[in-house]
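Next up, some structures in structure tokens.
The same subunit A turns up in both complexes below, where it pairs with subunit B and then with subunit C.
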Partner chain A sequence: MRIIAVAQNTFRESVRDKVLYVLLFFAASTILGSKAIGWISIGQDIKVMKDICLASVLLFGVLIAIFVGTTLVHKEIDKRTLYTILARPMRRYEFILGKYLGLGWLLGLVTAVMTVAAALYIVALGGGVDLVFFEAALLIYWELLLITAFAILMSSMTSPILGALVVFSIFVLGHGTRILADLPRQFDDVAGKRALELLYYVLPNFSNFNLLREAANSVPVSGAYVGWAMLYGTIYSVFLLAAASAAFERKDM
Partner chain B sequence: MRRLAAMALAAVAAFGSMAAIQHRLDSMRSPQPEDELLYLPNEHLLEHFTAGMSGVIADLLWIRCLVYTGKHFRGDHDFTWLNHLCEMTTRLDPYFVDAHRYGGVFLAMLRADDDACIRLLEKGMVHNPDAWELPYEIAMTYLLNRPNQPDSPEQAARYLAMAIKTGKAPQYVLVLAEALQRDYNLLEVEREMWESMRGSDDALLRDLAERKLILVELRVACGNMDEAAARYAAERGSPPKAIDDLAAAGLIAALPQDPLGGSFFIDAERHVRNTSVLDEQVERARSVLRGGIDAFRQNHGRWPANLEELETSGGMDGLPRHPYSGRAWQYDAAKGAVE
Partner chain C sequence: MQAIVTHELTKVYAGARVGRSLSASLDKLDLSIGQNEVFGFLGRNGAGKTTSIKLICSLLRPTRGDAMIFGEDCRLPRARRHIGYLPENPYFYEYLTSRETIDFFGRLQGLNAPSRAKEWDRLAELFDLGGIRDQRVRTFSKGMRQRLGFAVALVGDPPLLILDEPMSGLDPLGRRLFRNVILKLRDDKKTIFFSSHVLSDVEQICDRVGILVKGRLTVQGRLDQLLERQIQLVEVILEGVDKQMEETLLPRCSAVRRSEAGTHFYVTTLEAGNELVRTAMEHGAALVEFNPVRESLEDYFIRSQEAGRP
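Let's look at the complex of A and B:
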């Protein structure tokens, strides 16, 4: 119950954040402008629109998760409201989970609004939207939840600017971890090859959530794949939230 | 009011001076070299560091590829970076069928690099097995870019069969595949093609495949009996007078059955024929003639006076021969009908 109260408060607080509306404005502009890029692609306008719309949902969702997520805990400390909250009968991990849930709800709302708006826009311009489009949006949301977990972890450990930089780097590198599993032949005799391959399984693999190409080209994706990817994201997020709670428990305030 | 005017004046002055400076800067910089494409990162690495935006980057690269192709097509016809752009685009989005297809066409037709074209299209087929366009373009590359290569027709026929196997190829691909297989007697390829179509979910396609497979077997039987007739002529010094002579001489076990109700016979040119096969060829040839007659009427406002007028008017390169030896087309100039 206390977790829900913090989550509701975080949701209300985040909805009032001006950064959210600035990012949503840019996301809407990009989605509406996707048609212009589609025009010059010679007969591929719907494919290009789908690509750009879903990429906008992902990119602006990530920016919201990072900019809002990395300031969540720090803001409470800065405004000294955290002392009032923790003076009540509330465990620190409940506070972290509440913050995570609140931002998760906000991202769910933002993702749903952007996805439905993009789908309606594509349909209005003569395109078709199939199941894989919504599967891609669902996995984007799951990716955002994982990034939020990283943001909350950073927020409980470091400053917002450093946290934002670290999380954004994790987002970029997390899409490229496949390179560790596909090491070129030059690495065959290198002792560290096994360590790098092991690292592939330890680092977050955001490519698991990336169905953008499939959605843009209407390539069907099985529900089982979506389910496994969601399970992967859930386990990783739970681990990160546990780490964030542990870090926050030890934080000297 | 005065303040507003001053602000407007200041804005005009600021943007005016910036435009002048921009113009100066543009003239000072040399035009962007095409070799900038050389600095595009290796596609293997690029794929890993797109932060999930590989589809969008592929779209932008494809647009760049179209601009590059258009510019050089109207200019120096130097397409040095075309293959690199196509490879990168399709690596970033392996489901991008049109980038594979038109990239392949550009490579074959503009850069005359049919090896790169076939490589790109084959790579696309791995990721897009349902795209009929990719094997179709490979077939076209074999036919158009490698006409002198002995196995080109067979390769083209094989890829056309793959295009048909997707179940999505349009009618003209089917017609082309059939013509190619007939002209080059590629029975195995044809059999493979109809066998795959027999597994279609569409009842009409299944029925068509069943019938076509029977016709293939009838043509095989005709070929076998032709060889038997040649042996008969060599042994006895004269060709067989009737088809039953082959069975009587023990050169064939028995006369094959025709499930379509037709019969075998030896024509005036001493070849073994089957009426079902010939009737089907008559239908196809008549369709070609009807098309020519209709086109003639559209262009001249009347039916041709005779079939030869289709040739003399330049509407058709040649009239299809009647498949039955010794028969001719019956043409009704009043109705434009041909039988």
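Let's look at the complex of A and C:
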């Protein structure tokens, strides 16, 4: 009950945050503008539109997850709203989990609204939307949940600016893990090789959640793959939330 | 069972160094507060009052020592079920209304919807929140926030109230409201632990006080016991004192003055005052007033701060 109370409150707080609406405005503009970019690529317009629409769902979702997520816990400490909450019979991990779920609900709503709006727009322009389009959106949402877990971890440890920089770097590096996999072979130094290998294994592989190409080309993806990617994201998120709870547990208010 | 017991509770903040040694913000606090007691926690800014309160509420981790709430370690959530906490300058979610704020804290306390509705009715009446029921916290004045903060502390009717500077920043009406609520809570057999700079309020409300000086509890005890042994002066006002009697009594006094009420004699002890009255009455004078001038809590507090000890 306490977790749900914090989650609902976080959702309500985020919904009332003006940054959300600025980001949604830009997301909607990008989706609507995708027609113009699709028009440039002759004969490929629907394909390009699908690609741009899903990419904008990911990009704006990531911005919301980072900007809102990295401030969530830090803001409560900074504004001292936490004092009265943690003096209640509440475990600190319950607070972390509540914050995560609240932002998760918001991202779920944002992803669903943007995906459905994009699908309707594509259909209205004469294109077809198949199952893989929605599977791609589902995995984007799972990626956003994982990024949110990173953001919450950083928020319970450091300032929002540093946290946002770190999480954004992880997002970029996590999409380039294939490059990281190839890099060690080009190194002679053993320590450098090991460090890059470690980075490869430690960083999340966000390409596991990337079905943009399949969605644009209407290439079916097996349910097992989607399930595996979701399991991977869930395990990673649980680990990050446990780390966030441990860090928060030790924090003086 | 005691409501609060602390044993050598110590907090050293990281980086709080004085010379080569670490400086403790709170040093070996041993405190024992019984049930239904009103305990005033005094000290200058930075003496360690808020640190002590935060440690008891488990907002800070102690460097050493421990704190128990009704026999349970304060770090356990079930121990905090007994606590209602009002921080100094309470902050709440700006986008919530006062009704939503009470409801939110009711949920954290584990109350169901009907109980939360009842809590709102009870607290809205106690703190006169009805008129600001649907007003967002962001529009609240300091006094309104403080009222809401006190109401939040009472959500779930906890037996122990920990109030950090509850009167701070309140206007006279607000102070009176808070004082009356605290007195009502005392009548309801609640345990109240509060820090304050308003010593007249502490004197009026508290059974016992503790004084912190630079992180150390230098004195704790019942107010009447602490201040009784500090009688500074006894003022005896007599009527019908002639010149001859005044000269007889003068050697026993430290000072004499005349007013419309009569002749004022000042002696330093109760015994000397009694002796003076007896002699004067034997000589036909009448007693108008007998005033032992006790040290006020404020005098006592200032003296303890200046000396660094009581």
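Rule of thumb we're sticking to: the second predicted complex is superposed on the first by the 235 of 253 C-alpha atoms of A that agree within 3 Å, B and C clash if a C-alpha of one lies under 4 Å from a C-alpha of the other, contacts with A are read in each partner's own complex, and residues count from 1 in each chain.
In this text, a contact is a pair of C-beta atoms (placed from the backbone, for glycine too) under 8 Å apart; a residue touches a chain by one contact, two chains touch by 3 or more.
As the structure is a prediction and not an experimental result, all values here were calculated from the model.
**Q** So, does A:47 touch the first partner subunit B, the second partner subunit C, both, or neither?
**A** Touch status of A:47: first partner only.
**Q** Of the partners subunit B and subunit C, which touch A:176 in the superposed model: first, second, both, neither?
**A** A:176 contacts subunit B only, not subunit C.
**Q** Where does A:214 make contact in the superposed view: on subunit B (first), on subunit C (second), on both, or on neither?
**A** Only subunit B is touched by A:214; subunit C is not.
**Q** Between subunit B and subunit C, whom does A:28 touch in the aligned arrangement: first, second, both, or neither?
**A** So A:28 meets neither subunit B nor subunit C here.
**Q** After lining up the shared chain so the two structures overlap, which partner does A:157 touch, if you call subunit B first and subunit C second: first, second, both or neither?
**A** Neither partner.
**Q** Have a look at where A:83 lands relative to subunit B and subunit C in the superposition and call it first, second, both or neither.
**A** So A:83 only meets subunit C here.
**Q** For A:112 in the superposed arrangement: first (subunit B), second (subunit C), both or neither?
**A** neither
**Q** Under the contact definition given at the top, report the residues of subunit A touching subunit B in one complex and subunit C in the other.
**A** none
**Q** Looking at the complex, which residues from subunit B come into contact with subunit A?
**A** Residues in contact with subunit A: 45, 48-56, 58-60, 62-63, 66, 93-98.
**Q** Which stretch or stretches of subunit C touch subunit A in the complex?
**A** Subunit C residues touching subunit A: 13, 54, 57-61, 77-78, 80-81, 83, 85-87, 89-93, 95-96, 104-105, 107-110, 149, 152-153, 162.
**Q** Please output the residues of subunit A touching subunit B within their complex, sorted ascending.
**A** 37, 40-44, 47-48, 51-52, 54-55, 58-59, 143, 171-172, 175-176, 178-179, 206-207, 209-210, 212-214, 216-217, 219
**Q** Which stretch or stretches of subunit A touch subunit C in the complex?
**A** 1-2, 4-6, 9, 12-13, 16, 79-91, 250, 252-253
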